[in-house]
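Below are the structure tokens for one structure; questions will follow.
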Amino acid sequence: MRPNEREVDQLRKITIETGYTKHPEGSVLITVGDTKVICNASIEERVPPFMRNKGKGWITAEYAMLPRATDTRNIRESSKGKVSGRTMEIQRLIGRALRAVVDLDKIGERTIWVDCDVIQADGGTRTASITGAFVAVVHACGTLLDKGVIKEMPITDYLAAISVGVMPDGNEILDLEYQEDSKAHVDMNIVMTGSGEFVEIQGTGEEATFNPTQLQNMLQLADKGVKEIFGMQKDALQQWASHLEEKVEG
Amino acid sequence: MRPNEREVDQLRKITIETGYTKHPEGSVLITVGDTKVICNASIEERVPPFMRNKGKGWITAEYAMLPRATDTRNIRESSKGKVSGRTMEIQRLIGRALRAVVDLDKIGERTIWVDCDVIQADGGTRTASITGAFVAVVHACGTLLDKGVIKEMPITDYLAAISVGVMPDGNEILDLEYQEDSKAHVDMNIVMTGSGEFVEIQGTGEEATFNPTQLQNMLQLADKGVKEIFGMQKDALQQWASHLEEKVEG
Amino acid sequence: MRPNEREVDQLRKITIETGYTKHPEGSVLITVGDTKVICNASIEERVPPFMRNKGKGWITAEYAMLPRATDTRNIRESSKGKVSGRTMEIQRLIGRALRAVVDLDKIGERTIWVDCDVIQADGGTRTASITGAFVAVVHACGTLLDKGVIKEMPITDYLAAISVGVMPDGNEILDLEYQEDSKAHVDMNIVMTGSGEFVEIQGTGEEATFNPTQLQNMLQLADKGVKEIFGMQKDALQQWASHLEEKVEG
Amino acid sequence: MRPNEREVDQLRKITIETGYTKHPEGSVLITVGDTKVICNASIEERVPPFMRNKGKGWITAEYAMLPRATDTRNIRESSKGKVSGRTMEIQRLIGRALRAVVDLDKIGERTIWVDCDVIQADGGTRTASITGAFVAVVHACGTLLDKGVIKEMPITDYLAAISVGVMPDGNEILDLEYQEDSKAHVDMNIVMTGSGEFVEIQGTGEEATFNPTQLQNMLQLADKGVKEIFGMQKDALQQWASHLEEKVEG
Amino acid sequence: MRPNEREVDQLRKITIETGYTKHPEGSVLITVGDTKVICNASIEERVPPFMRNKGKGWITAEYAMLPRATDTRNIRESSKGKVSGRTMEIQRLIGRALRAVVDLDKIGERTIWVDCDVIQADGGTRTASITGAFVAVVHACGTLLDKGVIKEMPITDYLAAISVGVMPDGNEILDLEYQEDSKAHVDMNIVMTGSGEFVEIQGTGEEATFNPTQLQNMLQLADKGVKEIFGMQKDALQQWASHLEEKVEG
Amino acid sequence: MRPNEREVDQLRKITIETGYTKHPEGSVLITVGDTKVICNASIEERVPPFMRNKGKGWITAEYAMLPRATDTRNIRESSKGKVSGRTMEIQRLIGRALRAVVDLDKIGERTIWVDCDVIQADGGTRTASITGAFVAVVHACGTLLDKGVIKEMPITDYLAAISVGVMPDGNEILDLEYQEDSKAHVDMNIVMTGSGEFVEIQGTGEEATFNPTQLQNMLQLADKGVKEIFGMQKDALQQWASHLEEKVEG
């Protein structure tokens, strides 16, 4: 039995609040159960050196947790003077995922900085970050469009992420909370688009393995999960709905 | 005329929410106008090396801003690999201030880590951090007391901080918001106790100076401001009121 | 048409040389086409702090490239003073993959350090590293067994990795060399065991996506590839064959 | 009774030697009792990025102690690879203080670097640094003036700093030496101008507080102290006296 | 008696293989007994800031060891985040030595980066690095010449290095292997040119000293050693022999 | 002609002042012409990890220059966050040199930290540091002896260092000042003991070479120079003369 009597294919309660803080061009607070992440999208009027003079933009992401977002306090990465491998992996993942649904040619020589700051963690922070970051990026692009800085919406599709896993009893489940995540034999994060394509699949057995059947079951759970999330993103983004192509299935 | 027609001796609207996140022993969201800071207090069951085997505890603070807490995005200090001088100054100030009203002998060989994370900045983040951190620390100590870990409340007095300043027109004002702070000739942060004593006075003229009369006027404004704040802290802390000595003036 | 007229499901020429350098307990030079990696496994008689006093061991991996392993010289990470996100991702992947087939209880409170140093790079350095590192770890464990330090071989299965991808023409191919990798729309690294289970699947569309059919085709190519590699590992490890369970399929 | 039978309002013996080393544009050795600080002012023919193209200059300060300036040896900050919070606080203070009495418009697009290196420490190193640095900066500006690089002296007033404190017996004293500083309940550093204005007030109760009367007493002691110091600065600077406006009170 | 019955003035077996890896302009694997070093020379089309706009080039070297090049594993310098003093000393030495025999005017505004990566260490890694790096640099310059990038060979003389030492019995020996090096009272590294001049002499007694007679004996052994090495370099470089002035003695 | 009409074999004016600052166990100010170095020796009651439980001591040195010790200001190494290769080379050299004349068994499990801080630089800072550091170490050991902490003086011989070089005209000179050093073709630093043995020889031709005759001439100049310096050290150390074996030649 899952905590709170959740079904194996049932998402936690998800809320997506736009305009959460006042300064960023796009600002979102996403909660997935007890996981809470602030996703801010900022526009910088230049691109990193390797992208200069190409007439196109860039999207990059940073991810962090407040020291006490978790059950025991973590040392602040700024105090340690370096970013952990886990943090780097997550921020690279978020950036790659977003770039798959943004037409960089349409944003001009600008960088969209996406900051995902976990206020409270209870499993699934990286997938919540991607799901929330997408909304923040749409929000920021909408701001640019409203100001006439860009001519058309550079978003090519919806984007959401969810975790799936295999528990010690061999069962696959959707949207693991921390208590489950810490016991799971297999942990998989899946990023998909509104038209049902994969952007990223990262499946890992830590001191364990998984077979092709388990893989297929996990992919199916993820597909069900992201479809439900696209609906919530749509609701949160209704202000910009007319600028977004209709690619959410179902 | 001040923004929003505030009087020279008028505070911005302040709210103090306890129990803001679920993991920390003490967790507070403080808002002072548009400045929003999460203040978390965590208990660690050991003290830093220089305090070992003295039978007493320690309080230390860390301060950070989300990259887009401000109008333009700041580079994350974890990415830069070092903490700025400004950040260090502020976290040293917060720690010193709290230690003035906590009886370290009564918390045993434990460290109270206070994390002040600015979600949104509009001036006065360091004083809001101190004011909120005090409430988080009382909350955390209350948690220890409830669990029987400590025998009596180690808090010796209320503690709050506020900024005052001298504007280009020579007038002194209370509780500067960013728009005022950026123009002020003199910027002073004052930390006081419920019994009306000073804990810290930091007054600075950047490319300017101030005279003894202006100093006295600023001290008076600060005194008025912190007295109002003590009332709000008292409301937020009513659950632990019986454990706190009654030292708030007026 | 692929470079060197390779078939879409054809591996590059692979060689695995054991005993490559004299100091390490296990030392391997693996070449996959023009990609050359030295994989050394070293035994340290202690475990990292988080593993102490559990009576079991640990495996950790480090990965680096010589500055001129690639077409243009990269700045040495020791000169930069920090390890890149890409390097961290790869070394975490190698470590996790190896831990899936080593029974950490059987190696006692020891750490196996695996160093994968790329001498020459031409695509697929992370998968070549895993494939070579597995052989180095078996070699090192065999050394421990021969010295009587451990009682039985802690290896539970064969382990190999290979890359697959989707090219701009939509076709899936096996074992991408650099020239292909730099153009591919989708890049997937797959780590499998001798008994046909997945250890890790990392599929990424950089500014692109992939559909379920393409995923299945890539998984099939990878399955074919790793089966051929297991045969080569077996040949390279014949000295320890009697200590290894026979789990290589086909 | 104070060490060496000093009165509560008595300064230690102060000497200010100009031209201490040969390379800097301005070089001073200041001794305050057993505290010895070399203050060097160097002219750089450019300003930091945030000051460029404004037609005005900048002053910045760095502060350090020789490892064995104190009773027990401190680890060198260059070996630790980072500057402590205390050091940062002090060098920001020195820079701010100097900028209050230098007309940055008159030095052109130049940076004055002030290096305060403590050779021997016995309390009051930061205030001695400010007092000595002021003399070094006048010396350096005099050098520029003599060479015709600048047209007029950019110094608008005298500047000196002194510490005051409250001892455990509740008495306020002037110019604390280390033995006193380490016991004081309140430590306050005050920077003032020749015309009697405040530039900076930093008063701190470490695990203690102070009341308004104690504050006033400390301010009065400081006022007496800096007035005596201005006289010594004047003597040391007689070479440039004609270029300095006469603003020293009393 | 020396290991392997070597005479006091006998070199270990030396091999020099050019074209060892495919990407660098010059690539060499040098083995001196069990010491193996990859020396790669890379051409960068710019010079460091302090050399700009002088119409001449620069040569700089970097040196590293694989973590398990030695008997016990060393922590990777990239993980430590800083380069050790020993490494810095060696790479400065290699760079200086090479610059003594390369006419920087003739290579134009280019940097030759020399990377010496020790695959296996058994004493004498810094001298083997210099000897191998010289061959790699000639190889790289030959590549530039063949492509018409430079007009004439910038190499002014042969260059090789060897170690000599004084053993605890007071005897001087040539080309110390690790087992000897770790016991030697005096360790001296000598870099010489084909025409018999010294480029660098670094003689060190660690907790010991040496007298003028021992110095002369060591110099003589080194002279004999480098002359033999010049012959091997000549063989390895025969492809570029016509471009090299004939300066090898004997 | 040399600056100030010095003869080729003539030292600059040297002064050695003991007891320069009050805290260190040994404190020296050495001046060699316009080069001024503070050499402090501190006793720490423990040894570094690699020396523990051997019943003997250790000597280690650190070297730094004030930012404006030179003609143009250098960036402080603590601000850069890392120590330069040059600094590391020099501090390793000073430490090695001192260890050659101190019997580490006789100082017990203690570390002597030697800090050489260059106040003013005019060439020869590393040799002045060694010469001054020796006196500071004798001073510190004398302090230990006086306190009864150690039983006998652990110094086995006098130690001094001097530079020699070859000028563009081919002439060898003794004790180069900056103006000479910056032009010299060959720069050699020699460390010798009172009994005329070599401790360290470091001779370098930067973009130049030197022949055996020049080497012999430089060695002779150095021998003359250090003998004169030993006399000055003897004078400075007369307080401890009875504890020092008489090994100064001539």
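Note that the chains take the letters A, B, C, D, E and F in the order they are written out, and that residue 1 is the start of every chain.
What we mean here is this: a contact is a pair of C-beta atoms (placed from the backbone, for glycine too) under 8 Å apart; a residue touches a chain by one contact, two chains touch by 3 or more.
Heads up on the chains, UniProt names are A, B, C, D, E, F = Ribonuclease PH.
Here the structure is a predicted model, which is why all the values come from computation and not from measurement.
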Which chains does chain B (Ribonuclease PH) share as contact partners with chain E (Ribonuclease PH)?
-> none
Per the centroid of Cα atoms for each chain, what is the distance between chain A (Ribonuclease PH) and chain B (Ribonuclease PH), given in Å?
-> 34
What whole-number Å value describes the gap between the mean CA coordinates of chain A (Ribonuclease PH) and chain E (Ribonuclease PH)?
-> 52
Where chain F (Ribonuclease PH) touches two or more other chains at once, the residues are 81-82
So how do the chains connect up here, line, ring, star, complete, or something else (other)?
-> ring
Head round the ring from chain A (Ribonuclease PH), going the chain C (Ribonuclease PH) way, and note every chain as it comes up.
-> A, C, E, F, D, B
What part of chain C (Ribonuclease PH) is in contact with chain E (Ribonuclease PH) in the complex they form?
-> 21-24, 27, 34, 36, 38, 40, 42, 44, 62, 64, 66-71, 73, 76-83, 87, 113, 115, 117, 119-120
Residues on chain E (Ribonuclease PH) engaged by chain F (Ribonuclease PH) in the complex (per definition of touch) | 82, 85-86, 88-89, 91-92, 96, 99-100, 104, 188, 193, 196-212, 215, 219
